[in-house]
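Data block below; observations after.
Letters are used for the chains, namely A, B, C and D, taken in the order the chains are written, and counting of residues starts over at 1 for each.
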């Protein structure tokens, strides 16, 4: 199906009270936009809004000042309920320089607010951004609300008393801007002030200057004469279940889920990895966690990483490895070994734009085929995919459960968007989390590595160091009964069948597929997996609001698929699968259920917009008949 | 579908003239069975029979004498027409020792002939083969024709005059046996005599002893009183198109096809590989061909091999690399680079039993999924598979044509059976082979690596060393127009679509799918790919002979599929896909055409038997209604 | 099981040994099976990890824990085993192809990290299992199925590579020289850190006799020299020859055993180790024994120290760390 | 184009250079762009092949043939380029991560084969592109996102690895030391065989200043020494210090420039090369310049000789070789 977009033309800022808002902070890499966004996010969370955020880094480490390709941005979508994406279009754009404006303006809604640092709109910067004339002056922003302030000057003034010198004082301009935006949405400055004090505990003059700038920005909003139509907007608090909350990124939640999984299973993790964008953060996150049941190992390459993990699993830990597409491709021979020797293993793929080096900092879901089929021989393994940042916590634990419970490698698919996006999370109580204890073979009775649990078909697991359980395993086909090498034709067939049956059997041990939104049968099912959740959720919600008979089904277990999925999908006249690839999951469903599943592919390195999902639903409903 | 077998109970030896016969020579690795088989094959070809052969090596390099796991065998199926497999069951078994008998007897048809060297049925050898009593004496061979001769003694006697000493004289027993079997089928000894003279040109006494043994074996058949029912069998000559013929293995034909492809395209090949069973023979074959347009390079590993090939392609040669499953898995990251940079490349996978190290010396087709889907990102490439040893010659040329014509990596799938099996081949005249010349970009006009042929969508190819065409390529997404790095979302979508369209477009440039046997629509289509051709051909032929409405369709282009395939298959009530994996091609057809294609999987390391195909057809026809 | 009473038999598995008749691997297997009971370490703590190759079948024949993995990756897998459980004695069994061709990178990095492993590299200068192609240690001009006109790649010297990678225990021995081999492997086991041991191994099928001069009783005294720390480097049938170092030109020379400046082996000197590793060629013996030994912290010691605090972390506290808020 | 008239500008592509401000890569780029027109070789015969990393962006900025490939594999891809067309000058651009971590094996085997390539390894002792994790050349204790408490793996010495692999041209230079760098690269280009050149490169973002002592005008004379064949190894602000070799203990020492036994550099001596490659640490300067140079046949020369007969083969004759028969 052709990808088109519908503009969600929501002129939020025309009202004083708005349901939800999208704000984007954009500037040079050195402008501190990520820090600004993080503090605004925290204030927003404390205010009580639901929210979703996404940092958007440039590919270059440090681009020259003022370059369009060096723009670093942080986007936040917040509102009074059910926020699940970082937003399609911008209500507010903070542009710290011309490049930031040039690269983001097209995304601002009509009547949206642009806050620009006039001080940075110098001739040089304008030229770098490709502007012939200054857009702040030539009327090209007429359709928008505009706040053009010499923020640089304002920040310098606010920082002056702290005697930092020009360059360091100028660095406070992001806090000045933050103060202003805080005022705009009635957010409290307290948490940011505390953060600044902690961060610069050893440099109180820097903390002071930043806090002064923050306050000055806020005061500016309160006192200055602003153009009409710019004022404080109220975003009502979200209705949320009671509990303790925090913000969490996909990577954080994944890391913590692994730690929780280890603790709940009573097993040690060995996390072996080789850096690669956007997967490295998981390595970084866990490298700090030596006080938990995890050791981290930076290997010489991805092959060594997966092999080290496999070695750890042989020795009775759970080996975990993590990479992005190019690195996961290199792990495939190792994974085949783990399948053949039936060792637990966790492979986490944080997908990015492909093929080859592709678009390393962008998001995509195009490694699904590789996860399912990318190994030599018949090599089934479970593949799972969390849908949201908080869900990464649960799916990491699920991966640990499946790997150790079935003695199998498990692939968990994340992506560049999911890894970096943050959402509100109601922190679970550790006591409430299900325990999934691992059992090792004991030293009683005659031991064979090939003995299996009749239910799960998992072979038993003997830890080296246990007297009496000495045994050998390897990647040559092994005899079903003795576990020794076997070249017997019938045995190879039997073992192949067994490997299939073991993985297929997991379908009995996972939740049956539920419908996320809408009826369990009807005209159209929009079926997603992974990080497309948020956009599909919103798109379906809006379409349903318009009266369309459409449901949202989101699949977390991609292999084996939930047992009821075929029947469920069969109950719809049409099935549409939006995914950030050329239709890989759609193809899986077609082969599996012989349903004429349609693919809505997007391969641009960008997540789906709500408007794209909505447009596809509209197109589909037009084709299939009028809304009911 | 469940795999079962039907015994093709053809008691060929009950007649004096027989349509076809299966002979298997089996003995210790040191017994020279491969040489024996090769000479018998040549005599059979010269006699004018159609034939198909398969050597069956043990996994061990040199097993201890007399061990069952050390049995080396050579099987030949020959007849008066249309021989396409090495045969299901044995009409004649030559067992040079008890181990050879023990491991092969079950495969001999009732009334089949067993020729055994009584001299090797010593207590020690019997014990090693697991016999409590001597099967030559205890009546256990009663259902068979038996020729038990002290071949060792006969050979010693024949070799005596040449003064070689005991050990070397004993080595002549295979030639003695060959002489006897030659007599049995009225074959001429001349070619073998010549071969022996050439082989032992420097050791005339060895040549002499072997020739004497050969003649003695033949004379024994002519003169000795043989048990009733054992006599000379006449196998009528095959009716063949006129021309020059030879025997050729899949590996040989593949190697020669590559050389021919290079010559016909006017391009140099760089063949870079790392040894692995059963792919190494292709490296060996080409390492001897320095006088053709091919350089061979033994790399340090498979990754280096594929990368060296890619480098050669960048430099204006055609890079070719070859491996089996574990090695091809390692090449996947490199292949993704070649797809992204649109360089020609040929990857040949001689599939073996998997997963992991699996069954290295056995055959399987379980790398299809990997070939189609085993890379990160959306990475389409053409996948083709020859069906018979002679066809390897044509498909190798086809691979060269596609790779250079479309600037794309191509995967060619062979397997352990196809690589080692030999069939009769009518040698084509080189003048008759189609030329597929490669065009390089010239130095006229403004050059961009991204410029493409509007028809094929292939980008143009500039050879380093050409003045004025200096340019850079790489694995980061490149701009559709300029070829420079581009992180533009819309461009990535466009390039992704382009890569899909380029490969999909090849469907217009390949033959449409034909029906190998039977009608173009009907009750049942048996659809195969690769080396299963022979068994399916025979199975369908027999079923059709019995009056069943069944057709055989064999697919050579697996990606893209022939344009008419969907429609063709849609014309059958049922589609059955026998393949040596758990149903990978069947799944592809299901997803592609939404037809309820059924899989007949065999994963035992062994090729299909005709009887297995036949049984499946019977089962299917029973289900679908009586034969018409 | 009482460790003290274990014998060779206790270390032999029930699997039939399937190397070719006459293969040097048999001798190495016997030596290791005989050595292990004498090391005073529990059998259940012994783990043999191998890649793919004839040599890599080794673990199947040891009645210990064993893992026959994939081609070239044994050092990486062994690293995982050791990091997961540093109590284990981890042995890597590899070949010249497995360990230096496809597996060269893991070999290099394992040596650099100095993980406490024993690496036994069976060097037969050929790819045995795949039927005899030349390997990265094959001599120039080696004719093989993939180099019918003779190989053109200069070979690697395994010990030189190990030293270049920073290996802290580098030794060489010979398959059938049981006493020497046993002593060298024992020393490697005693060394805390990566012990790299090259074992010259005959492949009678594909590369027969290449080490014959250093193995044959008659010729060996002229073609090999056993170096020992603190001892002069003397060889020859009657110990009549010796090695001296030309300290000006920095190269080794053959001299008489009675010369004044016979070189005394110092296994702590890396320069000497490099010279001895490279020694060979016309007139020179090759050196066997411990060429280099240098104690330095092993990676697993450091790793364990870091991991020491494991399990002290409080999960609930982690989940609640940083900024949180309550909705009631 | 008339090669003789080419200048630096002709070797600069139209792509905007995108390294961080202050990155040492800029200086190397300029040096190479300036050097190439002086080599007397056609521009169209220059091919730059790189892996992945900041350094590996290099080929984009050269107006020559260029291939930005995948992580660690540049030497293998360059091998293919050179074998396909030995007329080309093939340059490999790589980093400490690209060339020695993931790519260590190809590096080693390329050096061993002695293919005629120039390998420039930009050693900033860090993974720049992936935002600053420690690399295999990072010093012990390096704090980075993946080693927050300090790294525990001893680093590799690139030149030592190259020598261990049998490298026949091994040199070291410094990003901003343009004259020296240019001379060393020029020498590498002139060398027939693999020229391995380690370039100490500053990454101001993730590993700023690690080479400051050897780069800073004030401190450099004490911290580095330029070795030249046949010249005494002398350093210090006033050339007052020198290196001598303790020929008994086989180790280097710092002495006065007026000492009698100042070491004279001999680039043909592998032992000396190893000593100089390893030189460093408290009190010692590091050596820059050509540490080792040894002419031996290059792989591509041998390969081409073998391939010489190409196209002589007759296809029809091949297809009809061996046993055939006619059916009429």
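Points to keep in mind about this one:
As a convention for this text, a contact is a pair of C-beta atoms (placed from the backbone, for glycine too) under 8 Å apart; a residue touches a chain by one contact, two chains touch by 3 or more.
Computed from a prediction, not measured in an experiment: that's the story for all the values here.
The chain pair with the larger count of C-beta pairs in contact, out of B-C and B-D, is B-D. Ranked by how far their CA centres sit from the centre of chain D, the chains are topped by B. Rounded to a whole number, the gap between the C-alpha centres of chain A and chain D is 40 angstrom. Centre-to-centre spacing of chain B and chain D amounts to 45 Å, using the average Cα coordinate of each chain.
Annotation: 29 Å between the Cα-based centres of chain C and chain D.
Contact of a single residue of chain A with at least two other chains is seen at positions 69, 290, 300-301, 303, 326, 333, 337, 341, 356-357, 474-476.
Multi-chain contact residues of chain C (touching two or more other chains): 52, 68, 70, 101-102, 104-105, 108-109, 136, 149, 303, 306. Put simply, chain B touches chain A in their complex at residues 3, 59, 69, 324-326, 328-330, 332-333, 336-337, 339-341, 351, 353-362, 364, 366-367, 369-370, 372-379, 474-477, 487, 489-490, 492-493, 496-497, 499-500, 581-582, 584, 587-588, 590-591, 594-596, 602-606. Interface residues of chain C facing chain D in the complex, by the touch rule stated above, are 101-105, 108-109, 112-114, 136, 149, 152-157, 160-166, 247-251, 269-272, 274-275, 278, 296, 299, 302-303, 306. Against chain D, in their complex, chain B makes its touches with residues 42, 45-46, 48, 191, 240-247, 256, 259-260, 263, 268, 270, 272, 289-293, 295, 297, 299-301, 303-305, 307-317, 319, 333-334, 337, 341, 427-430, 463-476, 484-485. Chain C contributes residues 18-21, 52, 54, 68, 70-72, 101-102, 104, 127-131, 133-134, 136, 145-149, 205 to its touches with chain B in the complex.
Chain contact summary for the complex, chain C toward chain A: residues 1, 13, 15, 42-45, 47, 49, 52, 59-60, 62-70, 73, 76-85, 87-88, 105-106, 108-109, 303, 306-307, 309-313, 315-316, 318-320, 322-328.
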